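Paired with chain B in one complex and with chain C in the other, chain A is shared by the two complexes that follow.
Let's look at the complex of A and B:
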């Protein structure tokens, strides 16, 4: 390879070939790059500009500087939305990581995974979140739903689920965890399958118990995979939208008004595009911050 | 563990028990959705809920009669196939160029779309598309959904292209093949399964995507997922029809995902987990 290159360097015709090669590579990525600039990069910059604007009810826009950001600080609905977003995030992530690791261990110790089991496990997160919301809306109906029937037949008190300001966030976390725990489990399973078997053999020779082996060996070795799953789920959970919009639209009252739902409604129900832009850029900063922080953590736990 | 065969067998049975339990929790809600869609209208809201009933297709026929379900489905297909096609058309050569040059910023830039909330893009798009009169057009919907499909295609194909030994390309270059020709004639046939996974994941995620169509579609171009929002409003009294709609909307992604289930999770992590 090196020899071929050094020959090519000395040859004028091949140098021209290399220039043509670079041109060809640029042409190959050009459509994707142009699309990305036009649909992602430019709109991002445009949103920043929009966040400095105020839109009146007649559609007139005027430059207001940082006023939209100043408004964030005094906007109770923003702080409430941030709280709802973080509560839903922490609750869902904790559920999905704990249950996901458990499920991964169960799958790992199963003799073999048939296609049927795999299909069953991917079904929840391959179906549209909107459909998951519709489905659970019927199951969790406070008066006629199957969930309350099951609860009461075990002598437990029924719940208002999505209709209760207190329970709506835990309920949405449950729905999202139903959908995405199998995804976390399959990622962690991939991590488990790539662990060297030798470490287990060593632990067995030392007579370590199953729990000690998991705690001292499996879990630390799995941490990079778990952090990866955390990053992937964080990105979705911090932007939570679909299931809430289809089931409660942020209600009851404003009990499930996440930042993404709030920003969407400010922008497209009240047409306050400027303020909505400021809200969404703030949320984006939160998501990027979380991804960067977990990415560093992944570096720290790598082995 | 291994020195005691009895507890070993017990552990295995306990493990199977947990697997069955997890399977039931995963399956039960979906089974309930399908069962409800097959119940006669007087039985679907019966309390206590019934498990035994004579199944009927009346909910499905009512859904098709009372809503423009078919035209929504056609809209969904146009937008989904259009955006998945665009994602493949732009993403395949881009992934190949990134794999060849190891210059990864174009691929990383597309990840911004994976991380930022959809509303962030929807605001400027709305202003831009309104200025050129594209609100409610298939063009706007396909372009916006291609923002979902492009990163999927690039990041699913990148490891596939990386896995091809460079000597294969070098041999072709010695024979005078251009890079473009190497991509279409040599590399692409070698990553056939990767392309299939990319195409199916792009289809599924475009089909499932809710937010953009909510704002950028109109009555004529509304996708099924956006129409589902109206079904919920109208279906609050008629669960059977609502669950029939839910079942039909979920069917295409579920069937397609089953085809590539083995490679699906690695593909979904956008390069974070190797399959």
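Let's look at the complex of A and C:
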């Protein structure tokens, strides 16, 4: 009985200790939590509040409820922007994943690659996007640039590149892929290096061809890594801004006017902060939705 | 005494009293009045502010005021300004502004402090307020409130290659039709050169297009409605886009001052319609110094109505120290400082500086500088500051002008369709309050 009592008392003391410990933990993490709330939640809530306001060109503000969201539905430029955003997203992501995996395989198998070459391979994504944008702007200039010079010296017809409404999206996708493929390759290379050698040995004993090994072993085992790379690139690509801002500002016409560029211009050049907030929140929801979907996919392909 | 004489006498005595008052204030003017204060200046990192800020130390020495400079590229500067002003923050005391673009908008939003009283009561004896370009001061005055003081005068002018013109047997263009005829001849005589280049980038088009529109005799607004589908406006849209489509460089829809200057400087364009401010960039390296002539854009049916604008310096309505801020504005727009800026290629918005011996000497050094000054004189005398629609939403109106021109350059629409689409969007902007 005494023993039971003492155990019960011990329980009470434990509970009190746990409570105190929890309090201590809460107190210790409070600054970080407050900082996070301040840095993420506040701007988000403020943007939501802004999206319910209308700002006239003179800066006068009034509450309009959901009118800004209703305006989205009838705004052709919004739907066009959404289309441009998705087209650019799909094209760039496909290019970067395919080329990234290929580059990773090359780097993985080239065991005697020097440090310099490896550094060169990954250097584009270390470059600030503004520098990359300016550099490509010069290279792709239809009259002064090197790209058309090379084309014409091989007897090919010159292209208008960024100045052609038809070619501007593929061209921007190419520039972005030039910059970010090495980043995808680096992630995939990490995944390759962590694959268990035993399955490869087994495949070798069974006499599987190189292609079959890739198709049946490497690719399925790499899927979680590829999905991670997809998530990281998706967040950036859906919010595509910097290279377009530097090279075309959404043009020619509105051929490269992504949602992010459109929202920025509505807010900071035409001063309609309310509508711009509604646009940006819609974009945020799209990005968030994509990340959630890919996260589920990652769960499904985990091994 | 007739009524008119009485009025004249009254006006004279009023003027005399004003002069006496100014003199009295000028006498006790003290540059050191705000010693120890810090003034924050939000600058657009362009040749104008660069020329000014090269003399920052002189200002600090003269006044004892510390000048904190926040310098950004134009769009980023405006972005920061919008953020600061929407928050009613006093972080910025003085900022650079383009009255022709955002003047009406910022004035309606109440972002500019009214500096009219300061220009009368708080001026150094040698400031010479009356010597500043009256047209530019007028362009910066809204509802009787003076919102900024001009730092420079600029506008698009035609740069052309005298050697190419000679080789192809073309004379100096006197009319817009001559420009097109010259472009045609040059295209036939030299198939490597781009005959004509001007702005094609959507938001940048209005700057050069407005000049052509006004020369042709068109107006943006007639009876409160957008008039791009009027005969003259359509002619302007058609001519501007045809020149760029038939004689411009490939990819001209992405061309703004940066690409135009680069193309012309490298000797690959025969005519460039670009800002007078680009003189220094175009002449860099000296290759174009001897083979270039400069003129205001040739006349249309309405003669020459060049675009003339200037960057202004404004005091923020939310500044906690507008008086100290005004001291900086005053110093920066004084005859002495504008003279220093002028010899760095910043066209002065004061005729007194334009006729100053040191500045004249600099002008006389190169024939091209003389032509540049002559073109600027025409801009100052006949210029219009209307770039895009004279409405509060001016920046947005430029989008639709640019869109119409691009649609025509890219042959995506007929003139009637392009102007009708633009008019519809612009009418909505005009009716917006």
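Points worth noting:
Assume the second predicted complex is superposed on the first by the 266 of 303 C-alpha atoms of A that agree within 3 Å, B and C clash if a C-alpha of one lies under 4 Å from a C-alpha of the other, contacts with A are read in each partner's own complex, and residues count from 1 in each chain.
The definition used in the following text is that contacts are C-beta pairs under 8 Å (C-beta built on N, C-alpha and C of every residue); 3 or more make two chains touch, one makes a residue touch a chain.
This structure is a prediction, so every number in the text was calculated from the model and none was measured.
With the two structures aligned on chain A, chain B clashes with chain C. In the superposed model, A:273 makes contact with both chain B and chain C. Applying the stated contact rule after C-alpha superposition, one finds that A:76 touches neither chain B nor chain C. Residue contacts after overlaying the shared chain place A:260 against chain B, while chain C stays out of touching range.
By the touch criterion stated above, A:198 is placed in contact with neither chain B nor chain C.
By the touch criterion defined above, A:143 reaches both chain B and chain C. Comparing chain C and chain B on the residues of chain A they touch gives the larger count to B. Of the two partner chains placed around the shared chain by superposition, chain C is the only one that A:162 touches, whereas chain B remains out of contact.
Residue contacts after overlaying the shared chain place A:225 against chain B, while chain C stays out of touching range.
The residues of chain A shared by its contacts with chain B and with chain C are 143-144, 247, 268, 273. Chain contact summary for the complex, chain A toward chain C: residues 56-60, 141-144, 158, 160-165, 247-254, 268-271, 273. Chain contact summary for the complex, chain B toward chain A: residues 1-2, 11-12, 15-16, 18-19, 22-23, 25-27, 29-30, 32-33, 36, 45, 47-49, 86, 89-91, 93-94, 96-98, 100-101, 106, 109-110, 112-128, 143-144, 146-147, 150, 154, 166, 170, 178-180, 183, 204, 207-208, 210-211, 214-215, 225, 228-229, 231-232, 239, 242-243, 245-246, 249-250, 253-254, 257-258, 261-262, 264-266, 268-270, 272-273, 275. Residues 1, 4, 20-21, 24-29, 31-33, 35-36, 39-44, 46-47, 50, 102-103, 106-107, 109-111, 115, 117-124, 126-131, 134-139, 143-144, 146, 149, 153, 178, 182-183, 186-187, 190-191, 204, 210, 225, 228, 231-232, 235, 239, 241-242, 245-247, 259-260, 263-264, 267-268, 273, 276-277, 280-281, 283-284, 287-288, 291 of chain A touch chain B in their complex.
Residues 75, 78-79, 82, 85-86, 105, 108-111, 194, 201-203, 249-254, 259, 262-263, 266, 268, 392-393, 395-396, 403, 406-407, 410, 412, 432-433 of chain C touch chain A in their complex.
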